[in-house]
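See the structures that follow.
Both complexes shown next keep chain A, but they swap its partner, so chain B is in the first and chain C is in the second.
Up next, the complex of A and B:
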């Protein structure tokens, strides 16, 4: 009985395996890359998509939730759109294909497909651990993206927008980005669908902040109501590096955003903020694995969720403090406004602390709108529905306002209020 | 303008009766003071008048300009001109003060069938009113009441009152937590709004505020009823002798 028979593949798993077979010889990559792809697909086939029995996927049973996978569509007539923030430098990636002419003064930009072709991307394609389904899917199928290097001491005036637009089909992108010492930049990673037809998107950003780099990275996910979005950001923070990471989910049917962060340099500082606007029948999961791995680092994490309709949300926040990471200061909170009886939100904060001189805390709340706040606004003549909308908006706007860059705050508030107007 | 008839009301959640047969009439142009010891139902009365849902009216009626308002929600009452200046104004993070003021003013105008204010007109009004109340522009740039001191919150309430131009103003313990300078500013703000078509109910614990906002009538509230009414002299008598005598008479 200890012989394990290969379990039957689900429709989605079968579709992935078939899609891989159909693309043999077409996916870019040298021998090393092809070898890695084969191995990843093989692992995926053997392990299957993760189920609730896998701890890391307990609240997002991908095997059950991912019912079907659309065919690969490489060509689709999509035009780039105006950037979120006026004046941004746009690096567009349309239906999974980067723009060979893309250039921004002062930084090095390469096409990820060229890195696949010459094999320099092979090492980075591996999965992070045995449960890294996103790493496996993306590593197997990734076609393109941008590899970006911001040289040391470079300060970018305008934000860079990684504009990933897609129609139906499959899109797998990757963005390795390296920020040189003492560089300063704002990056907006924007994922958006231009049709209502189902798509499967996987995207991994692999970012390194060298010593003293000061970076704002925004992930704005506004996929279509039928889309699956599997996102992952791998982060390494050097000495005295500062990262403000904002993740905004305002779309998609099945969404998982993994944040894998290694605080690896003393004096480094992470500010993570998340806004999840959840409506319809969607399922959205933000999973953080944060390692404080050296002494004297700090981080704060605030996740705000608004749940309407039959939507479900998940936040898993794991903070690991290594044995010699003394004087770590980490504070995490997850607050949810649950505005429906049919939806839900699961929060799982976890602290694994192996050092003895640290300050770490976490808290989670789930509540409806504060009735005293509602009364206050109504007592000034604001009708109930409008007062509710103001309070929901306020709950998440408070987080966005921390960004301070006025144009960016305004643009994101615009996204939020447009979403609320549609769903509330 | 306001006629409260045999009002009985209780806390919705646990059924505790707070208002027990209250009668009160306030005419247009009048400033009525309601005084009473702690727990007599003063704040509850202010909440019930403005429509807070935590309370249930079980008997009696509240007529405003001859019509019952019991079925109206707080926003509808506000747009008809009822304004409550809160004892403890709430801090609402994420709601910008200016945006809130604009929405409140325009929603009330909309409900009354009036045109919305243009942005320059709105800003001019806020600026003028804020100056009179010595409210600094930086305060208006903050989220609603967030980080305001007790005195700033009370002034912000009066600012809202000045901008919304209500017909029935209810001031709930507006003097609490104010130093004498702030008290004068607030009282001047209230007095500036005095007009023949506007009534004000001043709820207070102490006579002190009534030196600055001089009432036409004074009513003593005790255990959910008005047990005595009079003119300003009654407030002075209370200051002198406390509530014990009057309560004794009523009992």
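Up next, the complex of A and C:
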């Protein structure tokens, strides 16, 4: 019923199809990979970019919002920058190309383009479902990234920073990362522009946590004000695995971050935290599909949004509890400070529950700054604009502080404060 | 709590899938031929002695409907409906405008007696304790009788079937019909506009507080018949009306279609309270038969300080697709939605509300309690939307689900769209089962398991039951008990 019969392609769709045609000869991949790419592009051509009629894209009408697609630019002189947290091991991807010399002691790092060339990446390239536009775009165009394996029982002292920098044009990257049993690590996935020129970035992180792995994964998206960022995080949690996933969006013009999480091992625990700072004319959509698929798993999700200017924010959060997933405990909350009448925020927190012995809940709020809080500060001599800034900062800093690692918290708070100073 | 004991007793008397109102009445009927076409619509319109403009309105809707597609976004599954395999008009013979109850077919009166619906005014008057309720009884496609018409007339209240209103008050109908749910609104509403056969019309003039509760009782009796009723309620400036709606149908193996449209209009300072106890035949324990209930209900708080409140108890129907909504257009207007949806067997419920905040200082409140048991699926789907100009809007939403058994599903799909910074929106939803602790606490005081569950469930839905008029509250509590029968253990 939801089949889209698109007779005419939009400018952006045409540009994507043409870009594919122009690159096909030089995109890395063996026969199987090329076959998959062809199929994905064909699906994209047939279905078109998703519109609001597709439920999963209800608030982000990509067909309408993605007006144009920049040309593919492969070569650009970009230098890696200092890591967010001092002492991190940096794995840079500059303009979509990974560093062949990248190495970190104790873990196995391969270039994703090599995985494409030998065909071992083919199976992972497929789209997740019929509405997976990001999977299709990324699978068609992906050139490089890192495939990382952290061996079992490995504990990484320093964080690893996946530093994705780009200037303009199109960048499509992928990061399959597998954490062995009982491994422990912190990964910072950073997407950042070095110019103000428009770029289209698609990036998929495919994360697997084996039994008992304990991982912190941070996504920091601070792209330019003209950029499109289509991100997708696929996660699979094994028995007793623990994942702390922090997603911070503070940039981009059109952003869609999809979090597709499969809690597949008993005793697994997910902590998801999100901070979305929205300004100018941006449109930012965070969409979570979280499946509790086995008994005795826990998750908590807290998303905080601040909306300024003419920005629009979206949070769609679906918690799905499978029929046998008894004793699931899942709590989700989405709080928004809407500080403008010219912007908007839409929330769609969903519960889909097929097991009876569960505790699931969600809460969503949208409001301006509480006037009594403002009064409290102003009564103590803090001028209004400063008081407002303090309250907004506190609203999101609270989330970041949960990370506990001092240097990391400080660095992220620095990013947030800088953004707020610029926009508030 | 006496009501709980009563519920339990009621439950005991009934087998697992016995539906109390499942009897069929053999009565002579007038039927239009099967199928849907412009001719059938002309036939219905002629039967109703409608003016030309009404026929045009219907035909226009029908032509639009032909171009529309059945919606598929709801979480309900059913075999494709063949809209040409239905009777769109079925009326008991000899009911062409009975002047008094004496002229009504006694067989029909017995139906309502059996259903416990008071149609004889003197009987109603004789009952000292029960408050008086004026009733419009709709049987298949026509309104059979409307009680207390004269007394209501004295107060200036018009309460009659919509067919009569089209003939007698064309100006009001022209002004308001389709002004809240336009003919092209959605697939089922458009179908309804083309083929609606009867329903109730209420008009409460300026400053009048309707002296009694108004009620419509819908009964589907004929086989393969769709019921398409249309209700229109208008409360002028400062008026108040409380309206109740009840419905039942015989037990049959095949599914039957019910696609109604209800429009409410509240002008300045007016208040409309609309309560529904929906108890259409839900199908048997294997999911065979039952009513497909595709209903569009919408209230328009057109005036300043107006208020519309929906209360619904949904226990029947094989499929429920229903979203009673409020358009808060007037400044300081208020919308409320209180719902209990109980599903058991193979029932599928996809229900909720929409609160569209357009005016300034508008507020809305949503309390939804879903209870799923057996193999049923129960979805709350709601939208709260705050327009850019709707400053100081307030919304509070609470939707809780309770699961009884591990074969059922409970789902929550709220949409929250805010475009004004001064809005304050709070939404919360929980899903859980009756905790062992709660059950143990009640049972160790000597209360048997089934009764303990009924007690806890009645506590769970208390917030909504409190919103129902007294006589409905008792019935609703009983219904919940019956619906959950067989789900314990």
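What we mean here is this: the second predicted complex is superposed on the first by the 418 of 424 C-alpha atoms of A that agree within 3 Å, B and C clash if a C-alpha of one lies under 4 Å from a C-alpha of the other, contacts with A are read in each partner's own complex, and residues count from 1 in each chain.
By our rule, contacts are C-beta pairs under 8 Å (C-beta built on N, C-alpha and C of every residue); 3 or more make two chains touch, one makes a residue touch a chain.
Keep in mind the model is a prediction, meaning the values are calculated, not measured.
K.L.:
After superposition on the shared chain, which partner residues are touched by A:398: those of chain B (first), chain C (second), both, or neither?
P.N.:
first
K.L.:
Tell me the contact category for A:12 with respect to chain B and chain C: first, second, both or neither.
P.N.:
Neither partner.
K.L.:
State whether A:371 touches chain B only (first), chain C only (second), both chains, or neither.
P.N.:
Once the two structures are laid over each other on A, A:371 reaches chain B alone.
K.L.:
Quick check on the superposed pair: does A:358 touch chain B, chain C, both, or neither? Answer first, second, both or neither.
P.N.:
A:358 sits against chain C, while chain B stays out of touch.
K.L.:
Go through the superposed model and pick first if A:338 touches only chain B, second if only chain C, both, or neither.
P.N.:
In the superposed model, A:338 contacts chain C only, not chain B.
K.L.:
With the two complexes superposed on chain A, say which partner A:384 touches: chain B (first), chain C (second), both, or neither.
P.N.:
first
K.L.:
On chain A, which partner's contacts cover more residues, chain B's or chain C's?
P.N.:
C
K.L.:
Could you pull out which chain A residues touch chain C in their complex?
P.N.:
Residue positions touching the partner: 1-2, 55, 58, 323, 326, 336, 338-368.
K.L.:
Note which residues of chain B are touching chain A in the complex, please.
P.N.:
Residue positions touching the partner: 50-54, 73-75, 77-79, 83-84, 86, 89-90, 92-95, 100, 103-105, 107-108, 111, 143, 160, 164.
K.L.:
Give the list of chain A residues in touch with chain B in this complex.
P.N.:
Per the touch definition, chain A meets chain B at residues 371-373, 375-384, 386-387, 390-391, 393-398, 401.
K.L.:
Which part of chain C faces chain A closely enough to touch in the complex?
P.N.:
Of all residues in chain C, those touching chain A are 72-73, 386, 388, 391, 401, 403-433.
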